[in-house]
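The same chain A turns up in both complexes below, where it pairs with chain B and then with chain C.
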Partner chain A sequence: MRTGRAGRAGQYLALLAYLVFLAFPFLWLVSTAFKPPGELASLHPTWIPRNPTLENFRQAFGEQPLLRAAANSLVIALAAALVAVVVATPMAYVTARHRTRLSKAVTGWVVVSQAFPFVLLIIPLFLILKNLQLVNTLTGLVLVYVVWSLPFALWMLTGYVRAVPAELEEAAAVDGAGRARILVSVTAPLLAPGIAATAMFAFITAWNEFFFALVLLKTPEKQTLPVVLTHFLGAEGVADLGPLAAAAFLATIPSLVIFAIIQKRITGGMLAGAVKH
Partner chain B sequence: MRPRVPALAAAAMAFVLLLAGCSGEDSSRTDGKITLRFQSLAWQEESVAANKELVKEWNATHPRVRVEYVQGSWDSVHDQLLTSFEGGEAPDIIHDASDDLADFAYGGYLADLRGLLPARLTADIPRQSWETTTFGDGVHGVPFLQEPRVLIANKKILDASGARIPTPREPWSWEEFRGVAKKLTAHLGEGRYGVAWPLKDPVSATLNLGLSAGGRMFQRGADDKVRIEFTDADAVVPGTVHDQVTVDGSASPTALGGGGSDALPGFFAGKYAMVPLGFSYRQQIAQQAPEGFEWTVLPAPAGRAGLAQGVSPQTLSVAEDSPYKKEAVAFIDFLLRPANMVRLAKGDWMLPTGRQALADPSLRTAENGWATGAALARHLRSAPAQSVRGYPEWKDKVATPALQEYYSGGIDRAELRKRLVKDGNLVLARYQRQ
Partner chain C sequence: MAATATARSDTARDHRYRRDHGAWFLVLPALVPILVLSVGPLLYGIALSLTDAQSGRTQATTWTGTLNFRDLLHDTLFWDSFRIGLVWAFGVTVPQFVLALGLALLLNQNLRLRWLARALAIIPWAMPEVVVGIMWRLVYHPDAGVLNETIRDLGLGDGRDWLTGLATALPAVIVVGVWSGMPQTTVALLAGLQNTPQELHEAAALDGAGAWRRFRTVTWPALRPVALAITALQFIWNFNSFALVYVLTSGGPGGRTRLPMLFAYEEAFRYGQFGYAAAMGCVMVAVISVMLALYLVGRLRGGEPR
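Moving on to the complex of A and B:
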């Protein structure tokens, strides 16, 4: 069925509305970050600050160790993403290529495990990490995030593996390549967009996570960005809105940069896969 | 194509080394010195600075007992502390609010401070404040900062209306307050209101202010079990709010669902003449009010029990697991010396509990309403429900929806009474079975 001009215009309009909807919170955050206190509490707020100021940024950096917290978050999120894809890729391969009752049961369990609430897990997890002497270490938090993101990462990657034609692997096997070689040299490059997307998911999960980081990291030197951001909140939800917005705006930048880099990889990988297929 | 396995193995090895570098337990308590961890929930710029300075001063004068400042967060503090207690990793000195302590105190996580507290500190803080941290027979925290609910008013509108200005000596009665709100609404005209009640969390505000009218709601019987009652005295505060919103039209119906900060833009714009808020909100008002905006702090209305109202002070406790309780209490004593308590109170824009700190001239000035707040301090009592087991469930599942419906005119007083009492007692009974 062909879409007429009016239909296309409607589609673009819907897309535009959706983009505006998605962008609204971020743009409002940026606007708030540059507003002086008087404008923050205005009954008629404006998109563009009337008297833009950097005072919120000065206060945010002066009050809290944002750079150190951002560095901690970056190390943790990158490590969690890397480990998650390194572990999940071969698991996904096995689950996708060898579809037995066991692999179906594993997939089912993986999906169910996502339903457990954090609060239910945190005390046993804390005790396990304490016995391993991993409380208040970045390593401990990385392990938690890997375990936390692994089920979904596995689920995502299994779908990508299934999309890679098995005939290519069979051809490589005929040429004498072993399983490891096939996985690394044939399947992995075709999986690149899926691996990149999964890494992005694991990164964002770890970058934004608050509760485990709050509970597991005790010393200020090790706290992550989401934990430090809550230091701008008082009792009963009262907030130091300007500095909070400034800090939150800065906290979004690494995600945006990494997403921009990985997005190219996703697109490139998709095209490469298409040509080979 | 060359195999990439060795490269991957090298990367994995480098990663393991990186993680190993990230590891490492804290190395305190290895050089013969004691290190105490003090988790503070201070969050305002001045308050954080005051806490850090005091820790620094302590460390400079106590080389054997070092205090490490740990910045905590009000967000999720209960779950964080619970996990830390269960895991045996709690901070030695814990900053929290008294209404959050009951579970920890009854659970045996917080040290009983009786016998550890110096006589100076015990005598300096009034009995009614100590009641907020007394659970069973033990005292499980030192109450040090508190805030009454006050009326913050637009001075120009209030003066222009010709209404009598209340003082702590001669406050408005609840009836008079209702009359003034009506008068202000008429004076302001269409779309503007005498008062905005920010009651996103309506239960604590209703119960705490209810003490002024003689309300108690939670009655402890001879069998030590608590039952909920809803007397005429308990109905004064909710009845006033309800009537202002649904009968008089003198309170904004839209402000009901918001928090204190949400009401400020309308307050600054002259849409509301008065906003009942916690005392510490003055900081936001002083910072955010537009130039030329004049505001004043008035005492909350009084009933047959005068200006009494419930509060849940901020507290300092010591973890039961801490091996250095004596040293931890010594630090608390230092932190709460009168001059230091004043610094903490000013940093948080709250009132100190200590009598000596409260007498400090800097907390008795008319500027920013300090004097009004200080005059209310002796009327503050323990929040009615904070030590009642089952209160959080009653609050979330029964009282909050019931009060919200009542305030917005969805149900009448009889239905409110039925829900609070009948449904409420079923909840409490589950927690009080032997």
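Moving on to the complex of A and C:
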């Protein structure tokens, strides 16, 4: 590719502008989280805290039940991820290996489900869960999250199954292995990394989700981290900035770590879905 | 590719498998929750829109036919919010696409900072929307925010209260929307770019085609299906979004950022008007279905293989 020196410089300048745009809000959040009250209140806020402190973190845990909220989020996200994968993997296998009307319907549903306005779902779900006495329970929310993450889980897993060569399964069949045996000892090991990535994706989806949690969880002891975070904002939008930033920063760490691990696989899965389906 | 794979595995064994209902056994665990907790509620929601259902109502709920929809027709607040929703969805999706396309083209070049851009792109993508909202409130904060501080440092005045100003609130939340969805769009476009055959580029360059011409005749035709898909999805996601704006402005000031989802949420869970809110949901589904149909037509016209 022939690009002049001036063109190159322009490209780097543009890239730099993008990097600043992507990074600066996050850097500001981190910086705010470590600022002592004096620096927060000053009319000229500093970019980098002059006297960094952990006081905001201590205060954040005192103001809101963050530990309990994090525990709730963890339990819900783990359960949702586990159930989603257990339920979706067999279906993805069938969809990938047999192009039947069913698999076409699944693909169609995956596309359509992206367009559901949650408000049309949440009112009936709220009433159904209320009848089942599952409003304000972690179980109710797990059920919602499983269904919520199923379309994308199916999408990703179908791609991973397709990547396992059917010839391997056929070779095992010729050697006399039964279907269950083939699935367990040939397909499953090759599929494991994809299943793990899908589970992690479902975990993040549940960990980050806000709308369903806001509607379905009523009491503070049951609420998840995103819902509890909004309590820091107070009634009139007046907020204690330091602890707010500290808590928000903490809530992000699990997602960022997991996402960094599976980023390549997710983009791969997402693109396989977007381009090939 | 999948078609040939099916043909190859079309053995007698496979036929027996297809007939032995094993497939149904594997499919049921996913199909049941989908039907019970997703398709079912959707139909239930449509049914609710034809009733006067309310929370905590003592009399029985009755069918009211299209009454909710007729009321909606005259509800100026709803149409205001609908208009705001469209402005927001276009206002986010269009700049987001342009910026993401620029970034994807840059990242497709051999530049040194590519790895950093990829690492940073994780932040908006992985962050909980609530945290994104909180983070930008800190950026926009009138006294302690970095935006006003920068404006003061540059001597451009005192800055302003971005999220509570009548004129600035919607543009301010739109910027956040653009920021938070950019990575997905960028990654999708980047993959599209990497699918374009490099030889075509080189041949076009040898023929003396300039950068713009090469983009129009080689890059864009190959990128079109991906671009169309991601833009349609982003538009739909944006039109349906809730958490970001709920945290940033709660729909204020004076309803200037009250997206349809926020409006319907308040109607359902603050005022208990389940039937009316469900009708709003139906109207939103209708609009989104039109978008989806346009996308599918565009995809078919694009002549995409499968």
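Here are a few things to note about the model shown:
Here is the rule we go by: the second predicted complex is superposed on the first by the 210 of 277 C-alpha atoms of A that agree within 3 Å, B and C clash if a C-alpha of one lies under 4 Å from a C-alpha of the other, contacts with A are read in each partner's own complex, and residues count from 1 in each chain.
As a convention for this text, a residue touches a chain if its C-beta (ideal position, glycine included) is under 8 Å from a C-beta of that chain, and two chains touch if they have at least 3 such contacts.
It should be emphasised that the depicted structure is a prediction, and the values quoted were computed from it without experimental measurement.
In the superposition on chain A, contact is made by A:Q59 with chain B only, not with chain C. After overlaying the two complexes on the shared chain, residue contacts for A:V94 are found with chain C alone; chain B is out of touch. By the touch criterion defined above, A:L19 reaches chain C but does not reach chain B. Look at A:I123: by the touch rule set out above, it reaches both chain B and chain C.
Once chain A of one complex is fitted onto chain A of the other, the partner contacts of A:A41 extend to both chain B and chain C. Of the two partners chain B and chain C, it is C that touches the larger number of chain A residues.
When the two structures are aligned on the shared chain, A:E170 is found in touch with chain C, with no touch to chain B.
Looking at the shared chain after the overlay, A:A71 reaches neither chain B nor chain C. By the touch criterion defined above, A:A245 lies against chain C but remains apart from chain B after alignment on the C-alpha atoms of chain A.
Of the two partner chains, chain B is the only one that A:T139 touches; chain C does not reach it.
Looking at chain A, you'll find residues 40-41, 43-45, 86, 119, 122-123, 127, 210-211, 215, 230, 232-233, 237, 239, 241 touch chain B in one structure and chain C in the other. Within the complex formed with chain B, the residues of chain A that make contact are 37-38, 40-45, 59, 62-64, 75, 79, 82-83, 86, 119, 122-123, 126-127, 130, 133-140, 142, 180-181, 184-185, 210-211, 214-215, 218-220, 223, 227-228, 230-241.
By the touch rule above, chain C contacts chain A in their complex via residues 2-3, 5-6, 8-9, 11, 13, 17-18, 22-23, 26-27, 29-31, 33-34, 37-38, 40-42, 44-46, 48, 99, 102-103, 106, 109-113, 116-131, 134-139, 141, 143-146, 149, 152, 179, 182, 184, 187-188, 191-192, 195, 201, 205, 225-226, 229-230, 233, 236-237, 239-240, 242-243, 246-247, 250, 260-261, 264-265, 268-269, 274, 277-278, 280-282, 284-285, 288-289, 291-292, 306.
Within the complex formed with chain A, the chain B residues making contact are 1, 3-5, 8, 12, 15, 18-20, 22-26, 37, 41, 43-45, 48, 68-71, 73-76, 79-80, 82-84, 86-89, 91, 97, 201, 259-261, 264-266, 268-269, 271, 278, 280-281, 284, 287-291. On the chain A side of its complex with chain C, the touching residues are 1-3, 11-12, 14-16, 18-19, 21-26, 28-29, 32, 40-41, 43-45, 47, 86-88, 90-91, 93-94, 97-100, 102, 109, 111-125, 127-128, 143-144, 146-147, 150, 154, 162, 166-167, 170, 173, 179, 204, 207-211, 215, 225-226, 229-230, 232-233, 237, 239, 241, 244-245, 248-249, 251-252, 255-256, 258-260, 263, 267, 270-271, 274-277.
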